[in-house]
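Here is the structure we will look at, set down as structure tokens.
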Amino acid sequence: MIKVAGRPESLQSKQFHYCPGCTHGIIHRLVAEVMDELGIREESIGVAPVGCSVLAYEYFNCDMHEAAHGRAPAVATGIKRVHPDKVVFTYQGDGDLASIGTAEIVHAAGRSEKITTIFVNNAIYGMTGGQMAPTTLIGQKATTSPYGRSVEAQGYPLKVSEMLATLTGAAYIARVSVHDPQHIRKAKAAIKKAFEYQIAGKGFTLVEVLSTCPTNWGLTPIEALKWLEENMLPYYPLGEYKTPEEVK
Amino acid sequence: MIKVAGRPESLQSKQFHYCPGCTHGIIHRLVAEVMDELGIREESIGVAPVGCSVLAYEYFNCDMHEAAHGRAPAVATGIKRVHPDKVVFTYQGDGDLASIGTAEIVHAAGRSEKITTIFVNNAIYGMTGGQMAPTTLIGQKATTSPYGRSVEAQGYPLKVSEMLATLTGAAYIARVSVHDPQHIRKAKAAIKKAFEYQIAGKGFTLVEVLSTCPTNWGLTPIEALKWLEENMLPYYPLGEYKTPEEVK
Amino acid sequence: MKQEVIMAGFGGQGVMSMGMLLAYAGMMEGKEVSWMPSYGPEMRGGTANCTVIVSDKRIASPITPSPDTSIVMNLPSLDKFSSMIKPGGVLIINSSLIEKDTNRTDIEVIKVPCNEIANELGNSRVANMVALGAYLQKTGILPLESIVKAMKKVFAGKEHLIPLNETALQRGAAVVK
Amino acid sequence: MKQEVIMAGFGGQGVMSMGMLLAYAGMMEGKEVSWMPSYGPEMRGGTANCTVIVSDKRIASPITPSPDTSIVMNLPSLDKFSSMIKPGGVLIINSSLIEKDTNRTDIEVIKVPCNEIANELGNSRVANMVALGAYLQKTGILPLESIVKAMKKVFAGKEHLIPLNETALQRGAAVVK
Amino acid sequence: MPKVVFDEDRCKGCELCTTVCPKNIVVMSKKINAKGYHPATVDEMDKCIGCAFCANICPDTVIEVFKEEKK
Amino acid sequence: MPKVVFDEDRCKGCELCTTVCPKNIVVMSKKINAKGYHPATVDEMDKCIGCAFCANICPDTVIEVFKEEKK
Amino acid sequence: MGERILMKGNEAIGEAAIKAGCKYFFGYPITPQNELPEYMSRRLPKEDGVFLQAESEVAAINMVYGAAGSGARVMTSSSSPGISLKMEGISYIAGAELPCVIVNIVRGGPGLGGIQPAQSDYFQATKGGAHGDYRLVVLAPSSIQEAVDLVQEAFEIADFYRNPVMVLGDGMIGQMMEPVEFRAPQKRDLQPKDWATDGCKGRKPNVINSLWLQPEKLEEHNWKLFKKYEEIKKNEVKYETIQMEDAEFALVAYGTTSRICFSALETLRAEGYKVGLIRPITIWPFPEAAINQAADQVKGFLAVEMSTGQMVEDVRLSVEGKAPVHFYGRTGGMVPSPNEIVDQVKAVLGGGK
Amino acid sequence: MGERILMKGNEAIGEAAIKAGCKYFFGYPITPQNELPEYMSRRLPKEDGVFLQAESEVAAINMVYGAAGSGARVMTSSSSPGISLKMEGISYIAGAELPCVIVNIVRGGPGLGGIQPAQSDYFQATKGGAHGDYRLVVLAPSSIQEAVDLVQEAFEIADFYRNPVMVLGDGMIGQMMEPVEFRAPQKRDLQPKDWATDGCKGRKPNVINSLWLQPEKLEEHNWKLFKKYEEIKKNEVKYETIQMEDAEFALVAYGTTSRICFSALETLRAEGYKVGLIRPITIWPFPEAAINQAADQVKGFLAVEMSTGQMVEDVRLSVEGKAPVHFYGRTGGMVPSPNEIVDQVKAVLGGGK
């Protein structure tokens, strides 16, 4: 008998603190599997954000560095510039990356910083209790958009991958989802590509992963996957927005 | 005899502190002319940046508000939300807007904040003595890129208009130049459109104006206009990147 | 008169609103009250607790190292809070979910099968009211009716829930009687 | 021995490097020195000035409210700095650009047509060296040669400029002799 | 024959695994685990085809899937 | 006939105006203004067509251009 | 108004602001103050006001800067790390002399720290965490009722002096529920905001600014600010003394900690210790004179804080060496218990009552 | 090394850092410290190091956080408003106990203020401008030579204690040129950085972190930090005394201001006034003991600062009421002249020498 699924070595055996059915856990595992497959666990330095995944440093079985809220790309830049031969990645939520950390992610991409960002877009601030994120959909209720997000008051949800793909320094930008096994497989493939391109020195790489927050969406985990599929996929189309071939 | 050119009423009679031949002065005049033509001087509130145009509040003949470096869009948001019936604009350099103020400009655009931003891109930090800006061209020397900007070390110059045009909340985004009278005329037309769209409530509007910094480029004013034309225009193509028709 | 009580349980067991009701009722009875929640990292599924103080005098600290009473709705809460109760105090245990006993002999222990009673009433979510009923009956700090009055304030818009909750209170009280 | 001098002029007149040369030369002669520039809002075209102190002892403040000498290369500098000079001090005026006179009678005034002399030498940019030559000759604080030695350090890579600058120094000194 | 192993005490009862099994054999157990959840389990292990969908969607790495070595 | 008026003491001698005049009549003066610059001026005013290019490119609002009223 | 209702501190602060005429709120989520922006997001749209979640704390404080400069009553709130991000903006607002109210619901630090109640931002609030010579008026409520009253007053103080006012609470003040009553705030005699940037129709343009390139002017501005601060020191000091009349030993504590000290004081008094409590309500300006005076009466002081020792410096400064000043602190989110304080006092007094 | 060369303060600081083994610099332009990043941008690429202009001060300090956490000797610099923006990051670095050197070339504030020399960021530097209980070691050079020596030492102190060190200069220190000599820095006995995140080959993963969700743990961490700070207070206080042996009155000043006080002192001594000068070199830890001792000897103190009065509080705290502490300040970019100080001293002494 061989094990075809289970805990990758790059994941600590600790239990996640995430809510039941929260797909942060799936995304953690995918990143760890990729690290295992590429054999880079001992060469990798991960940067944990402030968000529900703030404790990511307890889960990944490699060197981990905390960042201030939104600043993971800057912290990663500091690390990568000191250790250009190491693999450096950030793991960030949508509040972290698309709100407070906008400047840092844009400039990491612009500078073509050779890091990989796993961007977990769950259209909400999970950690702090369900406030509106820049990626919260129009009409979606959050604790700070109690009447539903409206264009007039809060503008349009940010499409981060589309925006970053305009930057020459971005080598690989893809949006994936983890709402069913097929998409989980594709998500992993994209994450693997991103790491590979980083290792090949192609430039900045980012994978946006659509994710659920059953707790703050007020849905069961199963309903949450469905809500993601029905509401987020149409607004946030999946696909590769930039591949290294386009970087001359 | 009628006056066909001269100081617009929306410009104070004070003399600019700008270096000889610095095109900041032209851009100031264009904005003031547009305010005159639209008759909005008394309805306008301008936000001055930190940069060579930090003293803009001494030049525009309307209410003016200083902002911290890079934060003009946030200050303007505060003003506009209090006075939705007034015309609010920011005047910002490339260090101010494209570097430290990246998050603020992206989110003002994303929120579809009804303000107008005049973005003066001179590919350098003028005020502080010629440091590299995010818009400094590859190979261009600056006091903090003494060996010329290189892709490897500093990445690619940011194309702000292209990036912001991907945001749904941005209603009007155009790039213009002021290196000759023809382009100056077009620049003014774009600025006027931007104000008109703001007044019409279309959303966020921005005009990127390619500008010179003879002092820090180490060129005479005439050489500087030429350098702009020959080096900046190819990398920063002029045109309208977004017009309100695209906002549904 | 001063009563300090800590109420604790799983996130979904309604310990916070049970405390709020008690505080509200106390206030409506003209007492000084305070309600202080634990607030952990906002990750769900953990345990929650709150401290309620009802007093005739100005309340100093809204938290207490040694409450008069503790209401524990699940096992982790028993482990955590039983040792804090002041000698002579009261421990109310939700015996539906907690089999374990406390080893304290200097306090009075009251076991209430809150979930079973709630399930009998057809709604497991009122287990908290069963516990509260037992508490009120035991301590006599406030009459049951004052809680019902408070419900009218707190459940604004959901008044239809009041009768069920009232019954639950009474059933809890009955356990102690 | 301590000499405090303020040198002032338009941005492009080389007052800063004139001060630097003096400080460098002083240091090479084993003296304590300091050079302190004015630094305005980094907008060009204004006036610039620096304070140089050359002393045998530890230098306290690198700026001074009352210098021994002031070298003014343009009109605004005359207006600004002539009043500060300590009684009995020296004012060196670039008479090529300044027609106005000072109304101070308690100081020695030396007029040097710096630009004219520099133009004669074929390069208006050495007007500063003309002024410096006059200053050295007048105060005797350092020999001209020490400045030439300093140039070798400061003009590294542009040694070909040294002879011209040296001549300018001498021409300036000659005005005072 | 493929085998699926649940680390029951890690399970948070989210039920996601039950929705993806092509054989519909993953179900929620009646018992309560240490964390207070009803854990997932497989009733008819012999029907399992070892596709690992269940493990792939499990957010808490509860599930291991074993398969015969292909020779 | 169009007329161009220079507010000489505002001029910073940048010379931009001299490059855009279609009639090539904007030149730098020999004199030095209050700021220490050689100001721009127009020698042969009669050649001016009132296009205002000079005023448009002047960064310091030195130049006013007047034209006959069109009737 | 008049009715007592049970409210969570964060929400009560929000309601108090609205009652004080605050119509604009710019903020960014952070525990343990989230209920405040959330409350504002529900309420302000109904009051014809604006709630806006900014992209960051930096943006939020600059939005406040713009709104305050254009004449609005405006508020922001955050907790420790978020307040640190606001430092530059706060300095601008103070420099430009604009009124606004900033709430800091302090949590344990440094860094990401924790989210439990703390008082370790005292220095930042009172000494100036940002650059330059400026001061915030800092109000430190110890109950929800006081929070409500002080928030309302904060807006008046801010407008009266054209100065930012900080309300310094902690996780406990933010999260706790207590009965509150909304009383009509005491209005001050306020000048019209004719300096605001709201369009220059019929007047010269207004400018809001903190830049003074000539040092002479900037110095002048600084001394002007200094005089204002001296004025505030003279007029706005607030504190409460409890059983100080016959006290031979004084506890000094503010906010949450003062309540616990009160508890300790009751115990100590019951045991015959003549202990009193001085509770600064404004921590800037600090009740220096009151403490200095008390120093002539008591044998010593014990400053109690949820920090490793910050306010204690102000106590020492006030006491001027006249009596020993002891310190007891818990930090990182730990709240001292009354018994700990009782023990400390006894230890200090060495048995002598 | 050995040769005296004339260097601008900002550039000398850069060179000193390089000599101390600093290979990484992350910064953002701001006057009056631009020559420092500019110098690093020229030099570091040649030293196999990295200069990177960050997109902002916030990004710069977080790059420093990352670089320091992964084991590098790293530096950043800025001036007042920029330092305010770094507050959150500094608190993280202090919380995570990482070594780095932060240079603040202070200018006039508050807000955008001005760009001339000032000392009005003293509180921010020494009391903790950010949230939480943390301390920076703060070194305040008064000459370029001292700046060079202290910067080299700063890296050693930082590594020795795993604590950020701030070098607090002002526009004058940054812009002035003086002769300097690069001496071999005094090396400390440093532990290997086996805690750094540089890849976990052959060991357990390392974690750099400032979060402690359990308040008990966070408190423990805070007391651990506190003990470290006490240790630093014990070992690292540096100050200079000038003519204090027979002094009957003491000036207290640091950095640029101390030089001007020295000038004033010479004048006063010449006129027969027995005046001395205490010059703190570390302003945190502050030379409390030295000043307290002096208080037994002198009739009074005059604290002189380029601010409206900040260090003077530490002087008062040190003196503990034993002698009057006077204050003289210029601010907003104005530098006091020796004569002003002479006059102040005379005024205070009321003619009595």
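Which chain is which? They are A, B, C, D, E, F, G and H, in the order written, and residues in each are numbered from 1.
Operating definition for what follows: a contact is a pair of C-beta atoms (placed from the backbone, for glycine too) under 8 Å apart; a residue touches a chain by one contact, two chains touch by 3 or more.
It should be emphasised that the depicted structure is a prediction, and the values quoted were computed from it without experimental measurement.
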Within the chain touch network, how many edges lie on the shortest path between subunit C and subunit H? 2
Show which chains lie in contact with subunit B and also with subunit E. A
Most remote chain, CA-based centroid, reference being subunit G: F
Distance from subunit E to subunit D - Cα centre to Cα centre, in angstrom: 86
Where subunit B and subunit D are represented by their mean Cα positions, the distance between them in whole Å: 41
Between subunit E and subunit H, the Cα-mean centres are separated in Å by 60
When the centre of a chain is set as the mean of its C-alpha atoms, what distance in Å lies between subunit D and subunit F? 38
Listed in rising order, subunit C residues that touch 2 or more other chains are 40-42, 45
Would you give the residues of subunit A that are in contact with at least 2 other chains, written as numbers and ranges? 18-20, 54, 66, 68, 99-100, 102-103, 106-107, 127-129, 134, 154
Mark out which residues of subunit F touch at least two other chains, giving numbers and ranges. 12
Within the complex, subunit B is touched by subunit F residues 3, 10, 12-16, 19-20, 37, 50-53, 55-61, 63-69
Within the complex, which stretch of subunit A touches subunit B? 99-103, 106-107, 110-113, 134, 151, 154-156, 158-159, 162-163, 166-169
Listed in rising order, the residues of subunit G that touch subunit H in the complex are 58, 80-81, 83-85, 87-88, 91-96, 106, 108-116, 118, 120-121, 123-124, 127-134, 209-223, 225-226, 307-310, 313, 316-317, 319-322, 330-334
Looking at the complex, which residues from subunit A come into contact with subunit H? 41-45, 47, 54-55, 57-58, 60-68, 71, 74-79, 81-83, 86, 103-104, 106-107
Name, in rising order, each residue of subunit H that touches subunit B in their complex. 28-31, 34, 37-38, 41-42, 45, 50-53, 55-57, 81, 111-112
